[in-house]
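Two complexes, one shared chain (chain A), two partners (chain B, chain C).
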Partner chain A sequence: MKAKTVDKIATGVFIGIAAFIVLLLASLLGYILVRGVSHISWQFLTSPPQTIREGGGIGPQLFNSVFLLVLTMIITIPIGIGAGIYMSEYAKPNKMTGFIRLVVEVLSSFPSIIVGLFGLLVFVNFFDFGFSLFSGALALTVFNLPLMVRITEQGLKGVPLSQKEASLALGISKWTTIRSVMLPVALPVILTGTILAAGRIFGEAAALMFTAGMSSPRLDFTNWNPLDAVSPLNPFRPAETLAVHIWKVNSEGIAPDTPEIAAGASAVLVILVLVFNLGARMLGRYVHRKFTATK
Partner chain B sequence: MAKSYDRLEGKPHLTEEWVGKAYTFVCIMFLVITISSMVYFVASKGLSTFLVNGVNVGDLLTGLKWNPEADIPLFGALPFIFGSFSTSILAAIIAAPLGFCAAVFMVEIAPKFGRKYMQPVIELLAGIPSVVYGFVGLSVIVPFFRDTFPGQGIGIAAGAVVLAVMILPTITTIATDALAALPAGLKEGSYALGSTRYQTISRIVLPTTLPAQMTGIVLGIARAFGEALAVQMVIGNAPHIPHSLFESTSTLTSAITLSMGNTSMGSVHNNALWSLALILMLMTFVFVFIIRMLERRSKL
Partner chain C sequence: MAEIALSAKNLSVHYGAHGAVRNVSLDFAAKSVTALIGPSGCGKSTFLRSLNRMNDLIPNCKVTGEIWMKDRDINAPGTDVVAIRQKIGMVFQRPNPFHKSIYENIAYGPRYHGVKNKKKLDEIVEESLTRAALWDETKDRLHKSALALSGGQQQRLCIARSIAVKPDMILMDEPASALDPVSTAKIEELISELKREFCIVIVTHNMYQAARVSEKTAFFLTGQVVEYDSTDKMFTDPERAETSDYISGRFG
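And now, the complex of A and B:
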């Protein structure tokens, strides 16, 4: 065959496969949304789940997911940014730094179920936090830290060297330079990355099954005292998140409307992840424009 | 005068610097301590099956029967190991060509459309939670396989398809980066000699970016290997090596997911599950090692 004919066929194949992938993604998203959205209603989003009868909702699970995300971020962000600053600015290029880099890489490729098992052993049993939001938040912190470190490093590497040197030349200490000159410049990158990481946390289930637990005790949404056992704000109560609920409903649900609940909950989860993704992109662009005065 | 100035202004300066350095160092040490204790705890738990309960390492790795609750408990984990390897490698075999073709399309054929629309969509796909993939697999792929092929639909094939879609973004993103990072001179030289685009791609672009492409594939396999819930939902969870791709089987992760909550800490069954987790962890080290080797090669 002539080389040009082969080239045309090959181009056709490449385009065909690319189109197939786009179609696959579109139909995947479409399937989840079309099947699930019809089941979403205010009642579904706010009422507690039912075990045997139909008409169960996902209210507590939705609240747990959001609350757990907030708790995790409160713990992750200071540690992750601190560690990222160390790796990017203070670490000297020696064997020790190489080792730490390897550790971060290994931690980021650990399966989430291993992180969950570690959480079960250490946070739930050893420190005796029990199956609780707090244990779950700590497990998710472990799961999320390497990503946070990488994001911070990336952000700081993108700061122009001249800005850093100008600040240092004024006699400002390195730490103040990092805090008040470099971090603001790196903020758009760090912010975008953090929100994307938050989306990932939102959908995580394997690390939570054995740490935050798979049951949701009765919650009293009028009681906002964080120390009370039925208060939604109590971080030491077991909490099933939305992602864990989808898994549980699919594998052991016995209510007659199980498929609809799974579809509705999946749609809610995917919509929230989409919101995180688009939000991160838009916010990143906005902050970048604000800080660099470009169009 | 100069001395008093130093005493007043110089010291807070140093303190401040010291505080910053100490704070970031504590943060990074937290990370190192966490992973060390993770390795220590999982290893000590996983090894206690052999050291405390006296199960033979060889029996666990090569045994075909898993029946920990029987009168004479059997701990043959080979079906799980086989299930994990077969699903993740099959997933990579499906996803790798697709990812490479998508990357070629985005970089070489339609860069504008690729950068602007296709890449964000593929990144979006990476953000979809694994339970949602499992749910779609359970409600679309399993019924489809059940109707098309003999068997119940659940099994290695369903697991591999779900995993392939899950790791496609990883493989595509790395393949795209590798293609985009290729020096333009290489391609231009090939075009200048009169080769067509396909000849350039197959003889210049693919061979030079091969180590990087392999990195993406290994990363994908590593992710598929550790994925728990999506696979558990579609694989059927029968603890034996299947005779066909459409027969119920198990993986390391699905066995752990299913039984860890039902066994009590310290029992032989529980310890055996920790041994499975240890195998999973050791495989992670192997994958990281392979990726490091490949990255070193692609730099040359």
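And now, the complex of A and C:
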């Protein structure tokens, strides 16, 4: 009787807290979207920002965010998946792997401003990459790589042992077993995790202010030679991303329509991060179906 | 005396300090079925998994002794474990088809072992499924997922998959224990069919199954072989009291 009452009260409290959090999130999202969506237009999404006049857009910033994401993923996906496979399947459990796991945990939960300052010291100054997309991508790698390692490891650990044994029992090498039997089963988990991680990178600001920089040089969107200074594809140019732009406009914008620009850019960012999250789930489910139900 | 396919000599297996199999020596004749029986936890699976070096996967598991196949000790250090496992197939207690199509489940092994020709692979798939008595049920859905098959069909697929890589022997660990009586009967029929070509070692808790399918039976008790003889003899006139007690269901 007593235990039942306690149970009821506890359940009520938890539901209350959960409802409050959901409400808070919903209103936050609603606020950002309501304020910003009306400002989003093709013109806003494609034109460059203005310093003092109104009518500035977020074109280059949007491009920078996407490009930086792609660069980071090019670096982290192969290394992260490789390291994850190693940690999960090849490394013998001992002090060393325990230590690596600890480092992975710590790195992926590091405050991003610290990662940004570290990037400033190491990539921007010491290696002299300057404020550039490349420095930014390396800074993002610092916390995305551990995440990728963990995601891969979790994905592989989730594959039933019976699958691995079935393949090895056919006289098939360990590497082929991992590649042809285990990775396909783990793929939905890895894919979902990767896209969620991409969402985090996309919204990152603090780690990029001092690495990718807060300025965007004039870009010539007709010049696709990555070695040219004005080319959007040049990885060694400074590049302000969308999230950094929001921060900058908010703190030092002087154009008359600054609040609208900040609101519009925030809405775009939120929508894109939402798309990443929902897309990850849907794709994960789709791939899972594809691999299990029908080939 | 029939040809010996595999011969274990003084095989012992330890999990850490715990000895699960102690000093077991058994010969398995080619083209025949040997049943391993005994109460739960007596080390049948452990012994079976040592034969194709599957216990190598378990970190604290140590297998000592010799396993002779033709004239090689395949338990010796430096043995090519991957090549050994091709020669000694394994069917597990729970059906574990790959999360792939029926066709791919079969073709995966032979392709890895060097059969690249599409036509040849098609032939192997058809032949293996036919021999596992599964062809008629699957020929119209070869490219559908294997996971959509029933448990009994999945287990026959697993058998087809292991014969597709042309082993010399097949180890089966309670292959029918997760199946209904009809599927079980099919598996037993299949085993009787396959023994024309393979050396089969089967672990079972079903005394009738052991009596029906096997030529020889080994009775395990707490990690040791108590008695090993022809199945007829074991079931009608065993030498040891423990054997007759176990078989007649007085313990275990």
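Heads up, the rule we're going with is that the second predicted complex is superposed on the first by the 275 of 295 C-alpha atoms of A that agree within 3 Å, B and C clash if a C-alpha of one lies under 4 Å from a C-alpha of the other, contacts with A are read in each partner's own complex, and residues count from 1 in each chain.
In the analysis below, a residue touches a chain if its C-beta (ideal position, glycine included) is under 8 Å from a C-beta of that chain, and two chains touch if they have at least 3 such contacts.
Just so we're clear, the structure is a prediction, and the values are computed from it rather than from any experiment.
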Chain A: partner with more touched residues, chain B or chain C
B
One more residue to check, A:Ile58. First (chain B), second (chain C), both or neither?
neither
Chain B versus chain C as contact partner of A:Ser173, first or second or both or neither:
both
Which partner does A:Leu69 contact after superposing on A: first (chain B), second (chain C), both, neither?
neither
A:Glu165 in the overlay: touching chain B, chain C, both, or neither? Say first, second, both or neither.
second
Is A:Pro184 touching anything from chain B or chain C once the two structures are fitted on A? First, second, both or neither.
second
Can A:Val268 be said to touch chain B (first), chain C (second), both, or neither?
neither
Does the superposition put A:Leu208 against chain B (first), chain C (second), both, or neither?
neither
Jot down the residues of chain A that show up as touching in both complexes, chain B in one and chain C in the other.
173-174, 176
Flag every residue of chain B that touches chain A in the complex, lowest number first.
13-14, 16-17, 19-21, 23-28, 30-32, 34-35, 37-38, 41-42, 45, 97-98, 101-102, 104-106, 108-110, 118, 120-125, 127-132, 134-136, 138-140, 165, 168, 172, 195-199, 201-202, 219, 222-223, 225-229, 232-233, 253, 256-257, 260-261, 265, 274, 277, 280-281, 284-285, 287-288, 292
Touching residues (chain side chain A, partner chain B) in the complex
3-4, 6-7, 10-11, 13-15, 17-18, 20-22, 24-25, 28, 31-32, 35, 78-83, 85-87, 89-91, 100, 102-107, 109-115, 117-118, 120-122, 125, 142, 145-146, 149, 173-176, 178-179, 196, 199-200, 202-206, 209-210, 214, 243-244, 246-247, 250-251, 259, 262-263, 266, 269-270, 273-274, 276-277, 281
Chain A-facing residues of chain C, complex:
52, 54, 57, 59, 82-87, 89-90, 92, 94, 96-101, 104, 108-109, 112-113, 143-145, 147-148, 158, 161-162, 165
Once bound in the complex, which stretches of chain A touch chain C?
92-93, 160, 162-174, 176, 180-181, 184-185, 291-295
